[in-house]
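Each structure below is given as structure tokens.
Next come two complexes built around subunit A: one with subunit B, the other with subunit C.
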Partner chain A sequence: MKTVIILILTLAALTTAATAQVTLSPLNAEFGKKAKGEFNLTNGTFAPLSVTFELQSVELSNGKFAMVDLKPTTHVKLSEYSARIPAKQTRTIAYTVTCDVMPCGVVILSTMATGHTNEGIAMATRMGTIAYVCDKQKGCRDWFLAQNK
Partner chain B sequence: MTRTLAIALLFASSFASAQGLQISSGDSTITNAMGAEVKMVTANSEVSLAGGVVSGHVVGGATEATIYRGLNIHAGDVMLPFGLMTDYTAGSIQFSAVGLGVSKGDAKTQTSWTAFAGATSTQYIMPFFYGAKTSSPMAAFFFTHHINPAWTFTSSEVLSDTQTSIQELAFHPFTPLTFAVGAGFGSNAPFASGRIGWKSEHLNGVLNYTKRAANFQRVILPYTTLVENDGLNASLGFTSRPFTFTADHTNTLSALKTGIIASTVNSVSASGSLSFFSANSSVFFGESAGKNISGQTAGIGISEKFLTVQTNWYRSASGSQVSGIVTEKITRHVSVNQYIQKDAVNFGGEYHANLITVSAGYSTSYFPVLDAFEKVFSAQITLQLPNAMTVTGGTVTTPDGKTRWSVYGTKFGQGNMTHAEPVSGKYEYSGAVVTVDGLPVLGAAVMLGKTEVFTNKEGIFLMPSRKRKTLAVKVLVNDFMAPGKWLVVSGPMTIAPDEHVQIVVTIVNP
Partner chain C sequence: MRKILLSLILIGVLAGANLSYAGTVTAGPQSVALTASQGESMTLSLSTNSLTIPLGAAAGTYSSPITANVAWNIASGHVGTLTVGAWFSSASAALNGGTGGNLPSSSFTLQATINGATLAPTVCNQPTIAAVSSVAGATCIPAANAVVLSNLTTASQGTLTDTYALAYTGALAPPATYTGTFYIDYVIQ
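So, the complex of A and B:
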């Protein structure tokens, strides 16, 4: 089982989301009370890409972004929770977010296997798109940052 | 054209089990070109072959890119970058060549270099095909050395029918500010240039002065549209979230087949948005090939959830006109728009989904050849078909205002692959894949009916569905993300909605 250790390289969600010719857009989105959005994942490689999607809440800790387990007050539904994207193709994933407590932030992490080392350790990459949900869409991210300071 | 496309895609299907193979084929009226390209990718190299017909002439191309002992090797048709640190627009100039190139970057010595030997060429590049015709023998050497974090030296040498040698030095005292000076000769003609650049989050500015002989060229090419700056060039740009402003003054010399065209263009543009309201305006004027050119635009718009309304005013030497576009977003997949000009209303729309993306509509563009703003029709369609096949088509409007189109298909082969349909719906199938020790397995592949799903780091798979029915369950051990040979110890044959199943696997060959 040791050789099946998955080394997860978590990229900060706000850095450029592009690795191994896989691109994710948008990196973040702002919503009002009804949060219905979507993001695109493009496989720029010549091989099919297996992806799983996971949900976490985002919060500020000491002024820095932190990803924590999805809060019970945040409810997220994805159009699909895993996908296999053929070579050079783009997949659109739709999501809905509802929050019992405003504002809230959710990161949808796309986890992809990107190969493995000679020692058999699997390499995976995670890229995230963040959805900010507030009472009003305009300035939601700024409000989220201010509320969580 | 349709026959060519069909034959090529049929040919591609027989290679579906090959590793890293891409076959593209298509037709375009932009350059009266039709052709095909085969590209194969392995772990350390990328090889492609292309051929076709351009305006009745047969052209072909071949490239190979590989890495050998830390050297990046490019053979065949290449585009060689020939940017200078003093360029007004950084990194914008490259030229086509055929031959063998070797490049290497060394972080320890802070140097990088590229050596090339071959010939200059004229390249024809389409999304589905490329080809080249060789011209004059040529050798080139480009060298960059970062002396320290503040100082950088570059040398650019080209030997051909004429000689080019340009040396440059850049000084970077602190992050937004850069100074650069350069001098030498290009195609046997003298050249000197200086540049001051400022690039910060909100403010960008460039001040460039170039003194060059009229016959200066970095490389002499048979057909080129290279644009070089001459004299004083300056730009200032301010960007913030609600407001942007740019101002430019450029002097350019364009090397065309008919000779050197001198142009001086001044432009100012601004745009801003506040809540649902936005506005933009731009003005340009100057002289090109001895003729005065000028134009002005202004527009306002409102955008509120499903509705966007934009109206614009355009003025050029040929007169002025007003147009408007109304866009209604019906669903997240569908939007429609109406382009209004004088008494006419033209309809367009857009449909966006995983299988197909199609858009068609009208807009207004400026055409320098006509010195006028004209209504432009544009359409794009992309089909993402099963088994990694993509078909793309679309229109392009040429600088003289004529509409041209291209259509091409691409097929990728990389071994047997199950196609996963995008899914959504109110019913949910779920389960867990664990080892015999009870540990979750990330990236385990499970086929539910006709859809392949994967487990997350908790070993859980989820699949929404619109239909409520029992599905067959099959564990695809060959598709597991984790390496090694996996075996299924136990698992269900079927799964029902809202049922949570468990699959136990073990690894026998880590």
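So, the complex of A and C:
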């Protein structure tokens, strides 16, 4: 009976290892002129997770949200541009954003893939955290959304 | 007998002394300030990290479905939409076969069930979905179906379970080992 339970637990662990599970927090942040923030990525699997980061500007047009190429007036620095997160670990990524034109919005996209695929299609997931930057921090997101409608 | 009597008297005196102390030593209630915060978060999990698609004689057969579980815990103030995107990184080379050449994204068809609704099979040559910045011409979900929820303007928690299956529907591919990456995005705006 003990052998069966151990076998079931092993199978469960192997099954879990084959999946990808990522938690991103926070989903957005608002800043004044000096925008220094950070976000966390948690690898919920038993396998290491490779992450790459991509920067895009965000816009709101006719009430519809859109990601576009990073505007030349927006400058972003990340503490790292790729990462490998060990199993069941959390990595904190720091960033600074400066904008020549206020307000501005930046999305930092985290693209994550688990394991390596020799044949077939590798699955990748992508989630983003958005930084809103204004002259004043309070109410920045609302102001950004109002300005861009 | 005398010693026993003296011992009993001594014990009695000490017990009395202890009782008198117990009556005078008191501690008033102390307060400890507590603060706690819960940030917004979103968790995305996939049932598999790779997918094998039948080529050759079994072309047109859908792969095993991939299950995507999404969970969110958000505050109020968002635009309020949850947008999904499923796409390849390249329209001309969705899968690379080395000397065998490339397989374009238009050779693949996606069958998806999103938020309980089964979408019509869609060839992966759709325009970009701006809200997730998917690759133009390599996207597998029509823009009209990309917005899954549009009522997330207030603080809420929720989950979604969606499934995706891919089929190769192009011409017979040359013998080779093909590899590529398929992206699934979920973005709360």
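In this section, the second predicted complex is superposed on the first by the 123 of 149 C-alpha atoms of A that agree within 3 Å, B and C clash if a C-alpha of one lies under 4 Å from a C-alpha of the other, contacts with A are read in each partner's own complex, and residues count from 1 in each chain.
One rule holds in what follows: a contact is a pair of C-beta atoms (placed from the backbone, for glycine too) under 8 Å apart; a residue touches a chain by one contact, two chains touch by 3 or more.
This structure is a prediction, so every number in the text was calculated from the model and none was measured.
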item	value
First (subunit B), second (subunit C), both or neither touched by A:Thr73	neither
Touched partner set for A:Ser82, first subunit B, second subunit C, both or neither	first
Touching partner for A:Val22 - first (subunit B), second (subunit C), both, neither	second
Partner chain(s) touched by A:Ala113 [first = subunit B, second = subunit C, both, neither]	both
A:Gly128 touches, of subunit B and subunit C: first, second, both or neither?	second
Touching partner for A:Thr52 - first (subunit B), second (subunit C), both, neither	first
Subunit C-contacting residues of subunit A that also contact subunit B	111, 113, 120, 122, 124
Parts of subunit A lying in touch with subunit C, wherever the complex brings them together	18-28, 44, 56, 60, 63-68, 109, 111, 113-115, 117-128, 130, 141-142, 145
Subunit A residues touching subunit B - in the complex, by the definition given at the top	1-4, 6, 8, 36, 38, 46-48, 50-54, 77-84, 86-92, 94, 111, 113, 116, 120, 122, 124, 138
List of subunit B residues in touch with subunit A within their complex	20-22, 41, 275, 332, 352-354, 384, 387-388, 390, 410, 412, 414, 417-420, 422-424, 435, 437, 439, 441-443, 445, 452-457, 461-464, 479, 481-484, 507, 510
List of subunit C residues in touch with subunit A within their complex	39-53, 66, 68, 72, 74, 77-79, 81, 83, 95, 130-133, 166, 177-189
